[in-house]
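Scrolling down, you'll hit the structures one after another.
Heads up, the next two complexes both have chain A, just with different partners, chain B and then chain C.
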Partner chain A sequence: MNDAVVRISRRSLLWAVGGLAAALLLLALVVTGVVARAADANTVASASVMKTQQDAAERDIERAYEQAVTQVHKVRALNLAITAAQADAITLKALNDLKALRHSGLVSLGQVLGLAAADGEATATAAEKRFDQAPLSAQPAPSPVLLAPRLYAIAARMSELATQLSDQATAAVTAPAATPAPTAAPSPSRTPAPPASPSGRP
Partner chain B sequence: MFLYHRHHVVSRAIAPLFVALIVSCGSPGTSGTTGTAEDALSRGLQAHTAGKLDEATNAYFETLAKDPKNKFAFYNLGVIAQGQSRPVAAESFYRLAIEQDAKMTSALFNLAILRGVAGANQESADLYRRVIAVEPNNAAAHFNLGLVLRLLGQTAEAQQELATAQRLDAKLVAPSPSASPARQASPSPTR
Partner chain C sequence: MRPATRRLVAFWVIVPAFLGAVFACAIDPRALPFTGHEQLSAVFLLDGQAYFGHLEDVPWSGTITLRDVYYFEDASKVTTDLPLALVKRGGELHQPVDVMRIRRDKVLVVERVSLDSAVGHAIASQRAVDRAAK
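Entry: the complex of A and B
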C-alpha cells in the first residue's frame, strides 16, 4: 500500500507560520485603528483659522455681556419699589461685575490660545475697547463659526454667568421696598413705665 | 414621577392662559416702536408665540415703559425667563405681576411651581391655595397642591386635593405615593 504523503519542508512551514502571524498582526492593527491614526496627518490650524476662532469667541463673549447689560438697564428703567439710589447702587454693582466677568472671559481666551499672560491681558483690554466703541448690537451679524471645544466652553460659561448676574440684579432691583425696620430691640429704659390702667381718650 | 406630573400640569395650564392673553389684547397693533402700550404688548405676544424671544422681551419692556403697571408684560417676561431656565428672573417678574394684580392666577400658579422646585413647599402650597381661592375649579392647581401637600406630610389633605383634581379633570391621575423603604419592608397591619 502506498500512502499519499505530502512532504513540507520545515523551512516552508516556518515561512507559512510567519506569514500567517504577520497577516494577523496587520489585521489587528487595522481593526484597532492604529493604522488609521498613524495615517492621519496631524494638522495645525493656520494663523488665519486661529484668528477666525479668536474673533468668533470674542464676539460670543461680548454678545453675552451686551445681552446681560441690556437686561440690567431695562430692568432699572422699570417703575421700581425701591429708591432710585438703591436701584442705582445695585445696577452699578451688576454692571461692574459684568465688566469684570467679560474681562476674565477674554483673558481666559488668550490663555487657551497660548498667549503669554501680559499679551493675554493686553489683547483682552484691546478687545474691550473695541467692543465698547462699536457694540455688536450695532453691527451686522457675521457668518457663524463653529468654535473649537475649549473656546466654546469659555463662551458658554461666560453666557451662563452673565445671565446669572443680570438675573440676580433683576431680582434685587425689583424686590419690594423694605418695610421700615423695627426699632432696636427694647432695652431697659430709665424712664418710668406707663401706668397699667388705660389712658383716657377724648 | 413627581416632576413629570408637575411639568405635565404646568404645560397644560400655561397654554390656555397664553391664548387667553392674546385674545384679551385684541388685534395686533402697528409694528415698530411707536404706538400704545397695547400695541407693544400685541407685538410682544406675536413674537413670543413665534418663538422670537429676544424680540418679545424688547416689546414687553417697551410695554412697561409706556404702562409701568402692565401685569401681562411682567407675566410674559416671567414666562420667557422660566422657559429659559432662569428661575431667579422668572420669580421676580411673576412677583411684579402679582403686585399689580394679587388675583392673577397664571402668575400665582407659575410662581408656585418655581417655589416648589426651589424647595419652598409651604410657600408653594400657599400660592396654589391663592389660585384655588380665585378659581375653585382649577384642576391643575388642586392637583399640584395635592402633590406639594404630600411632600409636606399632610397626607389626608393631599388626598383630598388630588381627589378634587381628578373629579374636575379625569385625566389627572395622582401618581402612587412614594413609599419609604420602611413602609415597603413592613406591611401595614391595617387594611
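Entry: the complex of A and C
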C-alpha cells in the first residue's frame, strides 16, 4: 500500500507559522485598537483660540451680571409698598452682591485657564473695569462662540446665581409693606368645652 | 526569466504594489497614525441626539465605539452666545467611563468633524483647560 506523503520543508513551515502569527497580531491590534488609540492625535487649542474662548466666557459672565442688574433697577423704579429707604437698602445690597458674584466668576475663569492667583485677580479686575466703561448692551453683538465644557460650567453657574440674586431682590422689594401689629382686643378666653357626649370612661 | 527571479519579482514588487493600492484606497492620508491630524467624528442617532468623539468602527461588530465623548445640551436659559452648550460625557449621575458603545442600527449619520469648527475648537479648548489643571 502506498501512503501519500506531503513533504513540507522546514523553511516553508517557518514562513507559514510566521505569517499566521503576524496575521493574528495584526488582527489583535485592529480589534483592541491599542495602536490606534496610542497613535491618535489629540489637538489642543492654540493661544488665539483660548483667548477667543476666554473673551466669550467673560462676555457670558458680564451678560448675566448686566441682565440681573437691569432687573434690579427696573424693579426699584416701580411704585413700591415699602419705604424708599428700605428699597434703596435692598437694591444696594443686591447690586453689591452681583458685583461680588461677577468678580468671583471672573476669578474662577482665570483659575480654570491656569492663571496664578494674583494674575487671575488682576485679569478679573481689568475685565470688570473694561465692562464698566463699555457695557455689553452698548456693544455690537460679537460672533458667537461655542464654549469649552469647563468654561460653560462657570458661565452657567454665574447665570444661575445672578438670576437667583436678582429674583431675591425683586421679591424683597415688591413685598407688601409691613403693617403694624394689630393690638390684641380683649376677648373672652375659651374654656375647654366638655365633650358633647359623655364618654364611657369613669 | 528564471523561476527564482519570477518568485522574487512577485514577492517584492507585485504583492507590495497590490497591498499599497488597497491601503491607499482605504486609508485617509490625513489621519495616518503618529503623523496625521486628529480624527473627530460626529455620530447622529435616530432619536436626534448627537455625540462627538474618537470613533472606532470595526465592520464586523454590531456596535460602534466612541471615546472622549461630548454632546450638546440646551443652554437657552444661560447667557451664552449660543443657545446650546457642549458637555463632556462623564459628569452624569452614573459617571460613565470614557467609552460609549452605540448599536449600529440606531445610527443615522456618521460625519467627520472639522478641527476648525466650533465643536472642534471647543473640544481643543477643553483639552487645554484640562492640561492647565494638571
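Criterion: the second predicted complex is superposed on the first by the 144 of 202 C-alpha atoms of A that agree within 3 Å, B and C clash if a C-alpha of one lies under 4 Å from a C-alpha of the other, contacts with A are read in each partner's own complex, and residues count from 1 in each chain.
Convention: a contact is a pair of C-beta atoms (placed from the backbone, for glycine too) under 8 Å apart; a residue touches a chain by one contact, two chains touch by 3 or more.
This one's a predicted model, so the numbers in the text were calculated from it and none came from an experiment.
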Original post:
When the two structures are laid over each other on chain A, do chain B and chain C clash or fit?
Top reply: fit
**OP:** Answer with first, second, both or neither: which of chain B and chain C does A:Asp167 touch in the superposed model?
**Re:** first
**OP:** Tell me which partner A:Ala64 touches in the superposition: chain B (first), chain C (second), both or neither.
**Re:** second
**OP:** Figure out whether A:Ala45 sits in contact with chain B (first) or chain C (second), or with both, or with neither.
**Re:** second
Original post:
If you stack the two complexes on chain A, which partner ends up touching A:Pro176: first (chain B), second (chain C), both, or neither?
Top reply: first
Original post:
Which of the two, chain B or chain C, is in touch with more residues of chain A?
Top reply: C
Original post:
Regarding the shared-chain residue A:Ala77, is it in contact with chain B (first), chain C (second), both, or neither?
Top reply: first
**OP:** Pick one for A:Ala148: touches chain B only (first), chain C only (second), both, or neither.
**Re:** second
**OP:** Enter the shortest inter-chain Cα distance between chain B and chain C once the structures share a common frame, rounded to whole Å.
**Re:** 7
**OP:** Please write out, lowest number first, the residues of chain A touched by both chain B and chain C across the two complexes.
**Re:** none
Subject >> Contacting residues of chain B [partner chain A, same complex] >> reply: 61, 64-65, 68-69, 81, 86, 88-89, 91-93, 95-96, 99
Original post:
Considering the complex alone, what residue numbers of chain A touch chain B?
Top reply: 74, 77-79, 81, 163-164, 166-168, 170-171, 174-176
Original post:
Where on chain A does chain C make contact in their complex?
Top reply: 30-31, 33, 35-37, 39-46, 49-50, 52-53, 56, 59-60, 63-64, 67, 112-114, 142, 144-152, 155-156, 158-160
Original post:
In the complex of these two chains, what residues of chain C are touching chain A?
Top reply: 33-34, 36-39, 54, 56, 58, 65, 67-68, 70, 75, 77-82, 84-88, 115, 118-133
